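Chain lettering (A, B, C and D) follows the sequence in which the chains are written, and residue indices restart at 1 in each chain.
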Amino acid sequence: MDRKIDLNADLGEGFGRWQLTDDEALLASVTSANVACGFHAGDPVTMRRVCELAAERGVRIGAQVSYRDLAGFGRRAMDVPAAELAAEVAYQIGALEVFARAAGSTVAYVKPHGALYNRAVHDAEQAAAVVAGVRMSGAATAGGGPLPVLGLPGSRLLAAAASAGLPTVEEAFADRAYRADGTLVPRTEPDAVLHDPEQVVKRSVRLARDGEIVAADGTVLPTGARSLCVHGDTPAAARLARRVREELAAAGVQVRAFA
Amino acid sequence: MDRKIDLNADLGEGFGRWQLTDDEALLASVTSANVACGFHAGDPVTMRRVCELAAERGVRIGAQVSYRDLAGFGRRAMDVPAAELAAEVAYQIGALEVFARAAGSTVAYVKPHGALYNRAVHDAEQAAAVVAGVRMSGAATAGGGPLPVLGLPGSRLLAAAASAGLPTVEEAFADRAYRADGTLVPRTEPDAVLHDPEQVVKRSVRLARDGEIVAADGTVLPTGARSLCVHGDTPAAARLARRVREELAAAGVQVRAFA
Amino acid sequence: MDRKIDLNADLGEGFGRWQLTDDEALLASVTSANVACGFHAGDPVTMRRVCELAAERGVRIGAQVSYRDLAGFGRRAMDVPAAELAAEVAYQIGALEVFARAAGSTVAYVKPHGALYNRAVHDAEQAAAVVAGVRMSGAATAGGGPLPVLGLPGSRLLAAAASAGLPTVEEAFADRAYRADGTLVPRTEPDAVLHDPEQVVKRSVRLARDGEIVAADGTVLPTGARSLCVHGDTPAAARLARRVREELAAAGVQVRAFA
Amino acid sequence: MDRKIDLNADLGEGFGRWQLTDDEALLASVTSANVACGFHAGDPVTMRRVCELAAERGVRIGAQVSYRDLAGFGRRAMDVPAAELAAEVAYQIGALEVFARAAGSTVAYVKPHGALYNRAVHDAEQAAAVVAGVRMSGAATAGGGPLPVLGLPGSRLLAAAASAGLPTVEEAFADRAYRADGTLVPRTEPDAVLHDPEQVVKRSVRLARDGEIVAADGTVLPTGARSLCVHGDTPAAARLARRVREELAAAGVQVRAFA
């Protein structure tokens, strides 16, 4: 049996004096770091430091691109025209590239943040603009290929990426409730987020080992997700990430980067 | 005789709805474009467009790095700690790189903007931080070498660049008054800037052809400047740049990029 | 007969080094100045200067509130939660109040800018949030009453303002094409904007003198608009505004502020 | 005997998603809240909430004005021209006024933040610009008088405020080391900040009860400071503030706002 999974988390989400994510602790557990690039969070000093720490630990560096919205932390959907959005995505990837390179690594993938992530699930134009930005950047993996896009299964984003010839990687969420059709219960509904660490750990193992997610109504959903997103912006996040990693290992699942 | 000179100008200094420089007209005359990278001016769409136009015309693309100060257009000196400044410089270079690359070109040099340019003339720590940022970026010329730094002769910036092994390029200003010691008359003094186009054109030719600048008191100063800065942020700027270029050609001076 | 109309225009829409509107020229013609408050445009020095010039000329000062979006000039709709939007509107009004007060005037009304204006036409939640922000600000007219809201006839914004007890003022556009139902032809369609100055002048006079707008299909629409919006962000804008004002006077229409 | 002292702290220093100060806990102990106004920290929602909480507890609201520098948290000195700085100060005061007013309170004083505070100690031009901004704002106390300025004894800021007819209030720091001449030991030196809570509490009591500060070399300095600054940006800050307040009360010192 060849069970393996990637663990990704949002890192470097401070800005200047403000810190949010315990980057050092999370980097001990995850295999892919979605690094904020300065548009919703992420100052250059933090970007540099996270890239250095990630490279030292063999953690892959991804560009966590966002709307330009520090005041809203990138959580407010914006009607950004496609040409602007594409150029803004490329700009962010380029800025992160220098820090990945300085650390002896590369930008290995792209994952949109917050409202852009959510919008690119359903909005074909913005999804295409993000993909256009990835291509415009000309960024390449260590092997010379185009950058993979990490996103939600069934999203417009992954469809647009595939159409454009970019590799796609599906992710799942162990701490989010799913509907029977495989979509996420929106955060605006109660019980959208699971708060019991033990339950999150168990779901993570089942997801990675058995390829199954249990929906809120009990339906067992098959999943081909190659990456599992663990949240990084709460005090308990680093502890939970470590527990997830330990239990995956104990269950015989190899935790390693998809990229 | 082998007389040649580079013409550089600040381009892409709009931001979103606001435009300042007539990029298309200036690109018809200059050989090096100092492209704003988003910190004092320069949105991603503009950066992309200027890089495309520059690449089409064979104009070299330089990173015009700045303090983070849109409200002050980068004209207010800031006590930015060295580690922050270096990372901010690297960030800007990286962001520009993707647009240069998308246009089939590369970032060919770095020139600080405004208050950072002026501060790096005298402030050894900030000069070193700018150079550290250029090196941190890992950006390389088309030939694979480190990026040259364009600056004022005798400045701490060029000294720091040389110490760090970066090529240096000295520039002169045809529309600025000089003192007998070769320094510029500060803008705070009257007559610091020359406004007569014919005089500017004549000084340009003498500078490029004869290697001479005449100081305000009549002293003839020898200069080894390999680049001549023409200003781009006034309505008449593009016309003057064209006149300078034509007269240089008429005087047998080859106008071509230093890089 | 008592024909009268207010002329309003967007002013102070520069930011730092960038200027857009010819504030001084426009202030010679309009009776109400929609002053940018720093979120889409409008630095404090410009706000102060526009308020001084407006007060000298007896022009009313209005708060042109916007989404927080300098990069997009407030033209990109944003899903700002209601509590945030209300507080942002109040913040902008307060900032403008000090400059109006310093000039011996007051903030006399509020008009949303760009994407917020458009969104508040149809979006009841954001319309209510803008109104909540106006009320939260506690700003009062010179007479001590609540601030009027200037907007599109039939908009959710004016409905929300009326429900909350704020005076409402309807405006019309002489240079925009209307549909037979009284709504504006969207800017995304050709012929949405009228470019012929003579036509704009004639429509202005008919609107103010006769209370009529002619729709694109020829339908004559009655209008009760008490203010006419003239655009300020093109080089010809100030000339057109002056022509409109002169022709209104010649037609016996009194041009004076509604507030 | 009539011993009394004001306790002031910096509050509302988050921005959007990022929080820094435990505003609710600190408001239980301090009598004056220096509220961030959006230039170094402080989004409108936070400003509103802090003003409401302060008003409920009878805590005075002060405008903590800053350079425009979110990325640097206002800790980087900037060469802002006087006219710009004055207008920026007025802008911030105005923005805060609406939230103070909405909470049934008023802006009761002004205190510069970070690098602006430090610069205004020695820089007469920037000190005068801050004072000009306070006056430009036209903000008045509940009693109708001009706003007091809170600052360092002997500073240019307080001198400029006094010259301009503004009330001045001197503050002292219980957790900072002093030199024998009454100036603060700069933060760049070791032992500039005292970390032992018990020592800070004792110094607070001696300062408020006896009007004495002991300098680093043992010299006993008399002080007329009417306000004591307690720091708010560390996890232990709220606990320390409460201890200070309790011990002051136990020592017979009345803790109440100066304004």
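Observations
The criterion applied here is as follows: a residue touches a chain if its C-beta (ideal position, glycine included) is under 8 Å from a C-beta of that chain, and two chains touch if they have at least 3 such contacts.
Labels paired with UniProt names: A, B, C, D = 5-oxoprolinase subunit A.
Owing to the predicted nature of the structure, the values given are computational and were not obtained by experimental measurement.
Between the contact lists of chain C (5-oxoprolinase subunit A) and chain D (5-oxoprolinase subunit A), the overlap consists of A, B. If you average the Cα atoms of chain B (5-oxoprolinase subunit A) and of chain C (5-oxoprolinase subunit A), the two centres end up 41 Å apart. The distance from the centre of chain A (5-oxoprolinase subunit A) to the centre of chain C (5-oxoprolinase subunit A), each centre being the mean of the chain's C-alpha atoms, comes to 43 Å. For chain A (5-oxoprolinase subunit A), residues that reach two or more other chains under the stated contact definition are 43, 71-72, 84. Contact topology of the protein chains: fully connected, every pair of chains touching. Residues 68-69, 71-72, 76-81, 84, 115 of chain D (5-oxoprolinase subunit A) are the ones touching chain B (5-oxoprolinase subunit A) in the complex. By the touch criterion stated above, chain B (5-oxoprolinase subunit A) contacts chain C (5-oxoprolinase subunit A) in their complex at residues 14-20, 41, 43, 70-73, 75. The residues of chain A (5-oxoprolinase subunit A) lying in touch with chain B (5-oxoprolinase subunit A) in their complex are 38, 43-45, 47-48, 83-84, 87-88, 90-99, 101-102, 136-139.
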